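Each chain carries a letter (A, B, C, D, E and F) given by its place in the written order, and its residues are counted from 1.
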């Protein structure tokens, strides 16, 4: 009996001491924290297992806040935690129009001239460090750095050496646009449908010589556009003002090189693309 | 959360594993035949990043030279242990090559077994085994050495530990008795009547005897693993490599020097209890380790200071294990242990950048 | 006997015998020239002429107010045909003035003036006005080097006659054929900078040039010739300075911080012509060499002449197969995607490398052989920098001193796995630069 | 403040409950655990002292160290030998032995391995009968020795296990060390003295001490 | 978060299979799995603690204030572990011996506190029971598999029954620490491979539609 | 001498991580960057030394005295938890810069079974007070050594071409296995 008493008393005492200690700590040493980090930390398991690769749950929460971690990195909590975290962090997805990536070059292997052969690290940025082998100094180099940058499997290189964006997969993160050293990819709201698929600011004669589908700045689309100022020529290139130009196909009809196109991108979804390849 | 992985780039996939392919030439020539050159239509211009001159060294060249350098030791092992030694070497080499081939095939990588590095691993692994070692064990060791020790890290160049030694360490842990069951060399069979032989180091450790004539150890006339017996054959190969410029003198000499100096201290204190430095240099795997394993480029540091630290600590550890450890030989473990430090050494012993004035951050 | 040198470096095959014995010949007068408005480090020029204008040889056709810049001049007489973007030998496209020649050429010449009769300001002025830039490759405006910040005393001017690049012999020929100009130019540099000492650094494999310069210097002691080991990159500024004077240019500092200015021997000769003859930098010696060109030669070429035209005067390219046409030597030169690019002020050579020597297009994993580490003249860790650069890991790239790389290419040269280390390091530098720009823009 | 009270209550209650539960469980389990230990000890002693039916515990304190020997007696109370523990480091960790020595301190009766961490299949073969049997009747004067690869030649020699020389060596060293201590500290007369015959009923667990 | 009980149970068997998918509780997994029996025993001990402690925690979760959450849970867990330890020592002394200090270390097994924090603390008893049973059974299975592999290769036997014939030369490394790491690493890779195969199949099924 | 032997034994020969499998979770979790690993190692060493110093008297003067050794697990874990928390708060107050470097790793240590294992081994082996402290410190050093070595290797492997399914913890554990093989060389280094 004595032992039971001793045990109960000593454990109770330890508990009391600990509680006092923690109460004291709670009052005296509390450090003000970002409420968002608090909320995130609360949503995490708190077992500080380190499984996420960060030193404990709080650090992980801070990394989440800074955008250095993915919500699903916590292994201990599993899917529930990921969901909860995503909820807390959740940007109001519904209120924003989706952006998607548009590749503004159609000069692939079949259309554009390559005046030399490039050897070296096979990424687009690396190639731009040397005299690039493509004659057009604005066009896509075709080494797929953008495809590598896409973390959502929303891009692939086609047979013609040009990147394709899958309309159904792209989440509009813009990683591809940032990766492209030639700034060929632009992010656009998905209701933009009319694009000049060329970035060449070379004079028409040269542009035409090196690429069959270059914009040669002939000005026909500018004339055909029903809204004045919808399309303008700037630096030897037709530029569309999407706020003004009607998103239809009236201005593309007379383009001699077919570099201005309407609404082709949305038809490419991931599955129909791969289905077409398989055939 | 598994992301789907398909052929992301059909037709002309980006080079896998960073290999530069030459596909572009084909594309340009075939698809765009009228891409004209300003002059000399038949000559194609190449663009690449400088430098445009490269020297003529190549990985296969280096590796094949190492194989050549191992030939004297191979010959010596066959001379001392008979055809069984050759069989063991061949089995290891073939098993290593086969494992490498299988891995590269499974991973759909270009097959690179001709670069010779797996041959070296096989030869060196065999060199660390006793002549009577069973064939199945040799195969197991080779598969582990190449499969786990090298290919799991991504193949040549990425491994952290010396594959041959890892294979040997694995065998040591798997079959401790078989790996330490020695046979006498043919040349001294009738000298001793016992069934199993004892290497000089085993005798030193467990019987306190280290009276094996140094000359015998130098030539290879003692019991031991295939490659640990004939010091002269190994030195010959090592000098060849040094002459060819494939090894840095710091590594073998630093390692051997440390062993000699450190063991000399003990020897000086108590020559009756501790063997002489010469004994340490020529016994066991010290020579093989120093000339062929410490010098493995992949698993040794790249900086000068790092190399010094590597060999000195490894040398001390080898002597400590030999003199005080449970095992008679410490060369293998000393090298493996230091292999694990190589990344840290490389990172923290960077040379001072040209013109660097302030002290390097520690 | 060991000559003076620096630590590390490599010994590529030099192949200088192809052109070292050949006198400099004048190239044919080009029919048209394409003169890029950016032929130098620093701000590009703005055109001073319009389409259709008539220009004369030596007329200034482009200039800009910026301090770090140099004017450009017409290298022939004729009519401005166009001003447009065209391929630049640096691998980009730049605005260029295209001039159609009238077939006439001007005679330049005159006696050497007495240096003491010219004021420092006059010297500086004529150097700037003549558009003189460094002819050792980087094309840094020489006038900038001649205007050190106040309080920095220059103790020595070093002339760079190393020419450590394989194939190239332009500097060698200048020293051999016009040593007086070089010495005069050096003295002019010393005067403008008030430097008491002058050095000429020459690799030991050019004994005839050393002899010629010795003669030109005569008995005076203000100029000293330093014989250096033939090793690449002996000609790199920092390596030359440490070999010649034992001083190390600190990281992130300029030679003038250790009281030294380095100039190419060709630059010195150009200064002679500019000051004595009033001839701007419209012509330079170009070594055309390599195993891909039929008749290697040393040519005196007008700036703006297309590579194609220069090469055709050397028998043209070897037929068939693949070649690399380089602006410069094989170690640092820039490969050209087209032959329509013009020779510019910094074109010290056109090297053509044919298939047999072209880099293999495959590389292997790094086997950590340490070769790159042991040759890097800047004592960097190229194999790591390559990895960081390739992966755009700018933080680590900077931590491992990637920005100190002088892009000499020794690391790529020695790598047995044929890894394009320097290209990756360039990627890393590019990303660092871009990030810095972004950070600056954000402010 | 409510919260703080709650904190205190939480921890005190949980702590106290834990104490109660544990002491309860301990109360039940402890006798059983002790019995297990006792049985183990007894079994080991009887193994190394064949013929013993009971034992008597003798204790001595030498310096810091407490020496314990178990004097085995047969049904008549006649001493059959002394048993004692011998510990010491082996290849991987401690090797704990129970050693049975004849009362004349000349020969071993048997040994038993109580505890060892040696490599399975190698060093742990010291637990095999073949190895332990070698110690039966082994002379301890001048001391126990091991010999490698060959059959023992002298009456104080055993053959080491091939590939586990170190473990064999450790066993031998442990025995020598322990025997030496026992011999030095427990006069032989103490051992040869007869004891009262053991009661028929097995002893109550827990008072072996 | 209203998942069915069946789901909560099943996810521990594959989706969150510890310790391969849910990388927690590595220490016991590696340490005690040198034979199938040990693995099983450890698994059982763990599931006992996991189940009871999480049920308790789920019961009291509302009454415990946030600041003392972890200490309170730890006390509960440690109490239960002590119970398990005493029980094993009293009833199965052999197993208790071979598991050694790893039983008390269940206290700090990350799985238990991890599940307590991640699940029990937020859910009522039934889902908690399903979750812990699933996770616990997954853990038992994993440990037993690890133990089996190591025992078969290291001793040539399974649950102590000789499986491979005399020809088999046991791989002693499998019983050593190194073997534990290697086998575990290999199993993790295997699990990765299987799950990526599954995902690929699912994806290609979706695509062919 | 005894103390030196304990030190070598606990840090090298019987390295907690590589031979007793204690503290594997942080060993795997926090070994991806050398800086983190080093700080984690320091923090653990510190806590381990303190734990040894704190649990020894409690065990010997309280639990044994009152004859309630069965409370040791509960008591130890509470002491450790409190200790870690106390250290964390103290450092946060005393030196914010040190806290930034170390503090974040401290919570991780509570659930590091190496710390509890240390206390248990200490009791089991009946170390004296001084020996316990050396043991605690040496164990921490051994942990630091292992985790720092691993972090160096993992940093190097970031650029390696590891087969997909082996990436991450799989290869980490396999490397740990190789390190365990290498550490086997120390076996038997110290014998009685």
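Heads up, the rule we're going with is that contacts are C-beta pairs under 8 Å (C-beta built on N, C-alpha and C of every residue); 3 or more make two chains touch, one makes a residue touch a chain.
Keep in mind the model is a prediction, meaning the values are calculated, not measured.
Trainee: Could you give the fewest steps needed to travel from subunit C to subunit D through chains in contact?
Mentor: Minimal hop count between subunit C and subunit D: 2.
Trainee: Shared touching chains for subunit C and subunit F?
Mentor: Looking at subunit F and subunit C together, the chains touching each of them are A, B.
Trainee: What's the farthest chain from subunit E if centres are computed as the mean of the Cα atoms?
Mentor: C
Trainee: Compute the distance, rounded to whole Å, between the mean C-alpha positions of subunit A and subunit D.
Mentor: Centre-to-centre distance between subunit A and subunit D: 70 Å.
Trainee: Where the centres are mean C-alpha positions, what is the separation of subunit C from subunit E, in Å?
Mentor: 68
Trainee: Mind checking the centre-to-centre distance between subunit D and subunit F? Centres are C-alpha means, answer in whole Å.
Mentor: A distance of 32 Å separates the two centres.
Trainee: Quick check: how many Å separate the C-alpha centres of subunit E and subunit F?
Mentor: 22
Trainee: Could you check subunit E for residues that touch two or more other chains and list them?
Mentor: Correct list: 23-24, 67-68, 70-71, 75, 78-79, 82, 86, 110, 113, 172-173, 176, 178-179, 182, 196.
Trainee: So which bits of subunit F are touching at least two other chains?
Mentor: 25, 28-29, 68, 70-71, 74, 78, 82, 110-111, 159, 161, 163, 166, 171, 174, 178, 181, 184, 187-188, 190-191
Trainee: Quick check: what residues of subunit A touch more than one other chain, meaning two or more?
Mentor: Residue numbers touching two or more other chains: 3, 6-7, 10-11, 14-15, 18-19, 22-23, 47, 49, 51, 115-117, 119-121, 126, 129-133, 135, 274.
Trainee: Please list, in label order, each pair of chains that touches.
Mentor: Inter-chain contacts occur between A-B, A-C, A-D, A-E, A-F, B-C, B-D, B-E, B-F, C-F, D-E, D-F, E-F.
Trainee: Quick check on the complex: what are the subunit C residues that touch subunit B?
Mentor: So the residues of subunit C touching subunit B come out as 10, 12, 166, 238, 242, 248-251, 253, 308, 311-312, 316-326, 330-340, 351, 353, 357-371, 373, 377-381, 383-384, 390, 400-401, 404, 407, 409-410, 412-418, 420, 422-423, 426.
Trainee: Which positions of subunit F touch subunit C when the two form their complex?
Mentor: Within the complex, subunit F touches subunit C at residues 159, 161.
Trainee: Quick one: which bits of subunit E touch subunit D in the complex? Just the residue numbers, please.
Mentor: Contact set of subunit E toward subunit D: 34, 63-65, 67-68, 71-72, 75-76, 78-79, 82-83, 86-87, 89-91, 93, 154-155, 170, 172, 175-176.
Trainee: Using the touch rule from the top, collect the residues of subunit D that touch subunit B in their complex.
Mentor: That would be residues 91, 119, 122, 148-150, 162-163, 165-166, 169 of subunit D.
Trainee: Touching residues of subunit A toward subunit E in the complex: what are they?
Mentor: The touching residues are 11, 15, 18-19, 22-23, 26, 45-47, 49, 51, 75-81, 83, 271, 274-275.
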